[in-house]
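Working notes for the structure below.
Labels run A, B and C following the written order; every chain starts at residue 1.
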């Protein structure tokens, strides 16, 4: 366990160096946030119907989405995937560490640090933006607490998914053309691109059933008070459950994959 | 009128100073500190058409800076340079049309396509008329034995094969001047000889002026009539090999094989510099004692089976020179 | 000039040939790319299904904006790939080789690469644009077709200009400024929506600074024959793509300045 923590700490130090990238990401996130919110304003102004969420909630949702953008499983761990492609991953077997959890700890730092570098400043700023663009604090302390726990689970879930993407590169024949599809589909189903509440009513049940809402939609709904904070136990468990599923699948795939890599000789 | 005229070229670089430690890197993030490095402190030389010159010096001496300026890539701070009547950096496109450049470590050929396609592309890039292109290409392919390589993509070639193709590529447009930067690096013995023979041939037959930058002293010894040594931004030596030898180490080496264990090996006229079973090496100054006399002296006390008289390796001469100039 | 064009086509042909060596990979990439980009459009579909209209704009009209901007963007990615990967060329010293050839540097960099991989996005943009055009019942005449082609060229010009400026930054620091990417992605995202829904500052930025609106919003207004709430004159709608070309010219001037800097300070 200590070994994984030190790897985590090392990776954190590495990530902190990427200040230029963080500044650029912050800029991009604000930019997209503003545009998305302007679009929401225009849509809300066009319809007098009652919507699944209010404009203020949609605005807060959009900011939360941008602030946590960098922790989502957009792709696998590029460095590890390069190692797999080149065959150098065979050297990793010489280490006295479990490969799955080694890569998992890398991913946690890879997601956590950039997110905090841009997410925290962003979060503070959006609290003070002019009305129409500002995000409110969580509806209650309980909601905030539930959100905080849920976001942490979302991180774990996202890293499990990322790790699967990384591991799947051991089987890809010709590059990662297909590998981009799954993250894109996952991110739509998570509610990052569009809040799940906006999806047609008949799809709502299905979307709740899938594991991906745990990445974005569930934590955000806690924040907005759309789900009671007490649901954290059931929904948090759901997030953990799916994380566990992905982890177990990942562990199995890693051992299968490593045998394959060794046989092929990279 | 010399083909290449270099007069008092100067070039300095501003290099950002990186400091270690957290506080310093934070300071560095706000205000960068620079130090100025003088790469060239005023170098001058002239080359005639057909000169085959070696340009040597330790790393960081200013060799690549000189070559970059002469090829037109880099603009100097001051000084004059005229090649074929043009100033390289001012008339870049015209100038590079008349030079060929080969980098030992980097290729100018396209990686994934057959060599012949690269050649054809160069024909278009240099706007070579079809007839002279075909003639030159056929000649180069013949001399460098590239027939079997033409259809192969560059990535599949060995280092030796790649270098031969590079040399051909650099000469397709028949430049009167050729810059070679480490052309034999990493090559096996056979390829090195082939490359050197080729360079010698085009220099002699086509009077191509060659500037050879290298660390391989065998290249220098095999090819160069003239050597320029650069160190810390100035030219320390400009002359031929024997002048260089006599200036730095005026000694010769004699290596002797004996029929049996040698009886006497210390002499005042020569230094014993190496000894092993039935074998010894001496160094002597030919001005003080001739090789002939030395052999006679040694054979008076020992049974000599075989011997050879050599110059000290150029490496040693150059190393001693660098040392002498504290490079 | 003509022989530069011939040289460009030759270099690109070689590049495409070497990419096509990996046929299976290309097909997979295209499919993958197609699916990924369709997903981006799903967001628009979902929101329109919910809200019905966007301040007087229909789904199909937004689809026209979406389709055209993506076409311009993906084509610029294809052509400008050499500039996109320029940081690698500087680091590896490949740019020195470019300077050693008796040709313009811009031509050589542009001819360096042609990215086929995003072909899926191109297909998607084109399909959505055509679907929207049919559904809106747009009457195409030769003038509109010319304007459309002009707009695509203008779009390629703007995004390529951004790529060139980003590449020029490599002469000063090889940590290329990712901010330029924000303008590119941000421009594509913002201009898939009708310009008037954007706040005045954003709209002005995309008209006067990074003129994506001039190659997308205004020309499409003329093609859709829709009156402009921003009250742009008709002649401007018909000629605005030229602003994109001007932007490209500016970026080329910036590039040349960068090359001069590189040649006086070395690498």
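One rule holds for everything that comes next: a residue touches a chain if its C-beta (ideal position, glycine included) is under 8 Å from a C-beta of that chain, and two chains touch if they have at least 3 such contacts.
All values reported here derive from a predicted model rather than from experimental measurement.
Participant: Moving only between chains that touch, what is the shortest number of steps from chain A to chain B?
Facilitator: Graph distance in the chain contact network comes out at 2.
Participant: Per-chain Cα mean versus the mean over all protein Cα atoms: which chain has them closest together?
Facilitator: Answer for the innermost chain: C.
Participant: How far is the middle of chain A from the middle of chain B, if each middle is the mean of its Cα atoms, in Å?
Facilitator: 56
Participant: In whole angstrom, how far does the Cα centroid of chain B sit from the Cα centroid of chain C?
Facilitator: Using C-alpha averages as centres, the distance is 47 Å.
Participant: What is the distance, in whole Å, between the centres of chain A and chain C, each centre taken as the mean of its C-alpha atoms?
Facilitator: 29
Participant: Do you know which chain A residues sit against two or more other chains?
Facilitator: none
Participant: Can you list the chain A residues touching chain C in their complex?
Facilitator: Chain A reaches chain C through residues 20-21, 23-25, 27-28, 31-32, 34-35, 38-39, 41-47, 49, 51, 173-175, 177-181, 184-185, 187-188, 193-194, 198-200.
Participant: Mind listing the chain C positions that touch chain A in their complex?
Facilitator: 22, 24-25, 28-33, 35-36, 39-40, 42-43, 46-47, 49-56, 117, 175, 177-179, 181-182, 185-186, 189-190, 193, 197-199, 202
Participant: Taking the touch rule as given, give the residues of chain C at its contact with chain B in the complex, in rising order.
Facilitator: 3, 6-7, 10-11, 14, 17-18, 21, 92-94, 96-97, 99-104, 263-266
Participant: Using the touch rule from the top, collect the residues of chain B that touch chain C in their complex.
Facilitator: Listed in rising order, the residues are 13-14, 65, 68, 71-75, 89, 92-94, 96-97, 99, 101, 103, 106, 108, 110, 112-113, 117, 121, 124-127.
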